[in-house]
Amino acid sequence: MNPQTLIAKRVALELQPGMLVNLGIGIPTQVANHVPAGIDVFFQSENGLIGTGPVPEPGFAHPKLTDAGGQAVSALPGACTFDSAFSFGLMRGGHVDMTVLGGLQVDGSGHLSNWMIPGKMVPGMGGAMDLVTGAKQVVVAMQHTVKGKPKIVSQCSLPLTSVRPVDLIVTELAVIAVVAGRLRLQEVAPGVGVDAVLAATEAVLEVPDHVPTMPI
Amino acid sequence: MNPQTLIAKRVALELQPGMLVNLGIGIPTQVANHVPAGIDVFFQSENGLIGTGPVPEPGFAHPKLTDAGGQAVSALPGACTFDSAFSFGLMRGGHVDMTVLGGLQVDGSGHLSNWMIPGKMVPGMGGAMDLVTGAKQVVVAMQHTVKGKPKIVSQCSLPLTSVRPVDLIVTELAVIAVVAGRLRLQEVAPGVGVDAVLAATEAVLEVPDHVPTMPI
Amino acid sequence: MKRISLEEAVAAIPDGASLAVGGFVGVGTPERLCDELVRQGRRDLTLITNDTARPGMGVGKLISARCVRKVITSHIGLNPETQQQMHAGSLEVELVPQGSLVERIRCGGFGLGGVLTPTGLGTLAEEGKRRIEVEGKDYLLETALTADFALVHAMYADYSGNLHYLLTARNFNPIVAMAGSRVMATADHIVPVGVISPDDVMTPAAVVDHIVANH
Amino acid sequence: MKRISLEEAVAAIPDGASLAVGGFVGVGTPERLCDELVRQGRRDLTLITNDTARPGMGVGKLISARCVRKVITSHIGLNPETQQQMHAGSLEVELVPQGSLVERIRCGGFGLGGVLTPTGLGTLAEEGKRRIEVEGKDYLLETALTADFALVHAMYADYSGNLHYLLTARNFNPIVAMAGSRVMATADHIVPVGVISPDDVMTPAAVVDHIVANH
C-alpha cells in the first residue's frame, strides 16, 4: 500500500460518529476518502464550512465554495457556513473533536513543529496554532522520516506550533500515542517490526510487551 | 406643548441623514415620531435590529420581532437583524452615531447616572453603559427636574453610567451642551427665560451673551 | 443521542447546575425547557442570561418557582420577583453590562480567556475586575463564562441539529449555544436536513447535543 | 454619498493608507478594488488580510505590483512573491495566528482593546506580546487592529448597502467591514432594498460607506 494511503486509512479508524473533524492539507486531506462505513462525521474547512464534501464533478464547482487551500469542494446536505471568527471559535473553544495535521517534527514530549523552517520556508502558521491549541484531539499524520532522517526527534529544532502536546502520531511505520508527556509505541504497520520503528525514531519510545499490528 | 413631546421634537433636530441611532426607553423612544422630513436615519434596537419601524397594526405583529422592551415593532425595508454580540459591537465600536437616553442625574462635568438608585431601584445597567461609553454622540433626553428638584447637579449622587461625559442634554426648559467638561447653555425653550433655567439647575452653567430659543 | 424528549432533556440537568439560556425579555427563550425545569422542581441553579424577563415569562418562570440561586445578568428591571428575592437574600444577582456579558459568554464558547472593554470603567461595574492598559488607554478585563448546559430556542432546527433563529429572537442564542458543555435546543419547527440553507445556519449541528422533540 | 464609481473609490485611498481586506486565498476578495489600486499605482500600503493569496490573484495582485510596504497576515505560503519581497527587505511581514488575527480585527471593529488567547503561548507568536494569567491559566493578550479603509466583496449588496456573502466567500469579510474608518464594498449583484431578507444581512448598511458601482 502507498505509505500516504496507509497513514490516511489508519487515521480514519480514529473517527467516531458525530465528531467534528478538521483535516489539514496533504496526507490529512486523504482521511476523508477512508471514513469507515456507518461512521458519520462533520468535516470542517477552516475558511468557514462544516459539511465539506468531495471535489465536485466538472461544471458543478462554484468559485465561492472552496477548502482552505482555495480548491473547489462540494457541500453535503446539512452543511453550514460561517465567518472566520466563528470558525476559529469552533477550534479554540474545543468544539472540534479531532484535528489531523501534517508535521515537520514531533518531539519526545509530543510537541509539534509544522509551520516554518527558519531561513528557508516561512509560510506562516495559518490556523495550525489555533487547531493544535484548541482541538480536543490532535493527530499528526506524517511520514516517519524525511530523506532517511527521523522526524520524531528528542527535541524539536524547528519552531513549535504549540506547547500543547499532540495526542497521536500516525506514520507508515507505526502509531505512537503521547501519554503523560511521553511517547508510547501503540501499533506497528503490517510487516514492520518494532526494531525498524525504533531505528527510524530519534525520540525515546516506550515499548509495551506486546505491540499489535495496525488493524487495516 | 407637552414637555415630553417638546423634548423629543428638539432631540429629533439633531438627526442627520444616514445616522445610526439608538433610542432608549421612555422619552427617547418618542424621538422616532418626530424625524424631520427628508432625513433618513437607521434606528437600532439593542436586542438585534436595525430598521426598527412603528408598532404594527393589530394582527400584523410577530412575537419574534420586538424592541428591547419586548414590545412588538415592525421593520422597515432594508432592515437587518443580528445577535447580541454584534449589536454591542455596533455600540462599543463607535458605529452608533447617536444614542438618546433618559437620565436620573447629569453632573457639572456631563457625567450621566441612569441605571440605579441604591437601596431603592436596581434594574441593572442593561445596555446603557456600553451605549454611553461607545456611541459617537450621547444625548440625554429628560425632564429638567423631578418633584421640583434639579436633575442637573454639581456632582452625581447616584452611581455613574460611564466616566465618558455625554454631549448634549435636552430638557423641556433648555438645550445644554457639554464642552470640555463644562455645561454650556445653548438654547432655551420657547417662552422660558435664562433665569428660569438657572433656577432649576444645580450645576454651574456657562451662559453666552445671546441664548437663542429652540427652533421648534 | 441527538433527539430527546422534553422530560429526558430536563432530567439530565441536575440540581445546582449552571445554565446559559438564550432570549431577550422572553423573546427567543426555550419556554418548554423552562416549564419542564419548574415542573421537575429543579433547585439551586446558576442562571446566565441577558435579563430575567417578566414574572411568568421566559426565564422569569425559573425565578418565580425559586429554581435559581444565582443569576448573572444585565437587567432585572422588568421582574419585581428577581428584585424581591435579591433583597431578601435568597437570590444572588451579579449584574454585568450587556455588551460585556455577551462577550464573556462568547469568550467561554470561543476558547478565549477574556476581553478588554472600556465599558464600566470607573463605575460600580469595575468592582473586583482588573484594569489593563493598552497603548495608554485603560480597559476592564472581562473574563470568560461557561455553563454546564446551554438552552436555546430556534425557529427552525433540522434533524441533524442545525439551527436558524428568526429576527430579534436570535439575540443571545447563538452565543449561548457555544458556551455550554451540553447544548439543548427547542424549535418552533423541526425540519428535514437541507431545509435550512448553509448560509442560514446560525448554530451548526456539530455543537448541538440534543434537539428536544415537539409534542 | 453611498454609491461611488470604482475610480472615485480608489482615488479616495491615499498612498500609505492601511487597508483591511476580506477574502481567503482570493475567495471573497474585492478583486476590482485590488485591480484599480494597482492601476492607479498606489504605494506604501499597510495590508491587513488573512493571507496574501497567490501571485495575480486577490490581494496577491497588490503584492506583485509592489503596492504594499507592510502586511499583517496569517499565511504567505501560497505566494512566493510575498516571501521574496520579505527576504529582500522591501516588504515587512507580521505573522499572526489566523484565529488571533481575526479576533484582533474584530476587537478593532467592536471597540474592544484586546482578547486573551491560549494560541501562540510559548511559541514565536508570543514575541512582543503580554502574557496575562486568569484563574491560574496563561493567555496571550492580542490587541485590536483597525484600518483606514475596509474593502469587502459581497454576493449581494442592496442599494442602501446591506451585504450578503455567499458560502465560503464570507470568511474575513463581515469582520473586516466593522474595522475600517471607511468601508467600501463591491458586489456580484447590486439589488433593490428588500431583496436581502433581514436575517440574511451579514453586514448592515449602516456601517458601509460606499457601494462601488458595477460596470
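When the chains are written out, they are named A, B, C and D in that same order, and each has its own residue count from 1.
One rule holds for everything that comes next: contacts are C-beta pairs under 8 Å (C-beta built on N, C-alpha and C of every residue); 3 or more make two chains touch, one makes a residue touch a chain.
Keep in mind that what you see is a predicted model, and the values were worked out from it rather than measured.
Looking at the partners of chain B and chain C together, the chains they share are D.
Taking A-D and A-C together, the pair of chains sharing more C-beta contacts is A-D. In this assembly, the C-alpha centroid of chain A lies 55 Å from the C-alpha centroid of chain B. Rounded to whole angstrom, the centroid-to-centroid distance between chain A and chain D, based on C-alpha atoms, equals 29 Å.
Centroid to centroid, with C-alpha atoms defining each point, chain C and chain D lie 32 Å apart.
In whole angstrom, the spacing between the mean C-alpha positions of chain A and chain C is 34. In chain D, the residues that touch at least two other chains are 103, 106, 111-112, 117-118, 166-167, 170, 198-199. Within chain B, contacts with two or more other chains are made by residues 49, 75, 81-82, 85, 88-89, 91-92, 133-134. If the chains shown are joined wherever they touch, the resulting network has some other arrangement, not a path, ring, star or complete graph. Pairs of chains meeting the touch criterion: A-C, A-D, B-C, B-D, C-D. On chain C, the positions that touch chain A within their shared complex are 2, 106, 108-112, 158, 160, 162, 178, 193-194, 196, 198-199, 201, 204-207. Residues 103, 107, 111-118, 132, 134-135, 137, 139, 141, 143-144, 164-167, 170, 198-200 of chain D touch chain C in their complex.
Only residues 18, 20, 42, 44, 49-51, 75, 77-82, 85, 88-95, 134 of chain A touch chain C when the two sit together in their complex.
By the touch rule above, chain B contacts chain C in their complex via residues 45-49, 62-66, 68-70, 75, 81-85, 88-89, 91-92, 116, 121-130, 133-134, 159-164.
Those residues of chain D that touch chain A in the complex are listed here as 24-28, 50-51, 53-54, 73-78, 83, 86, 93, 95, 97-100, 102-103, 106, 117-125, 155, 166-175, 202.
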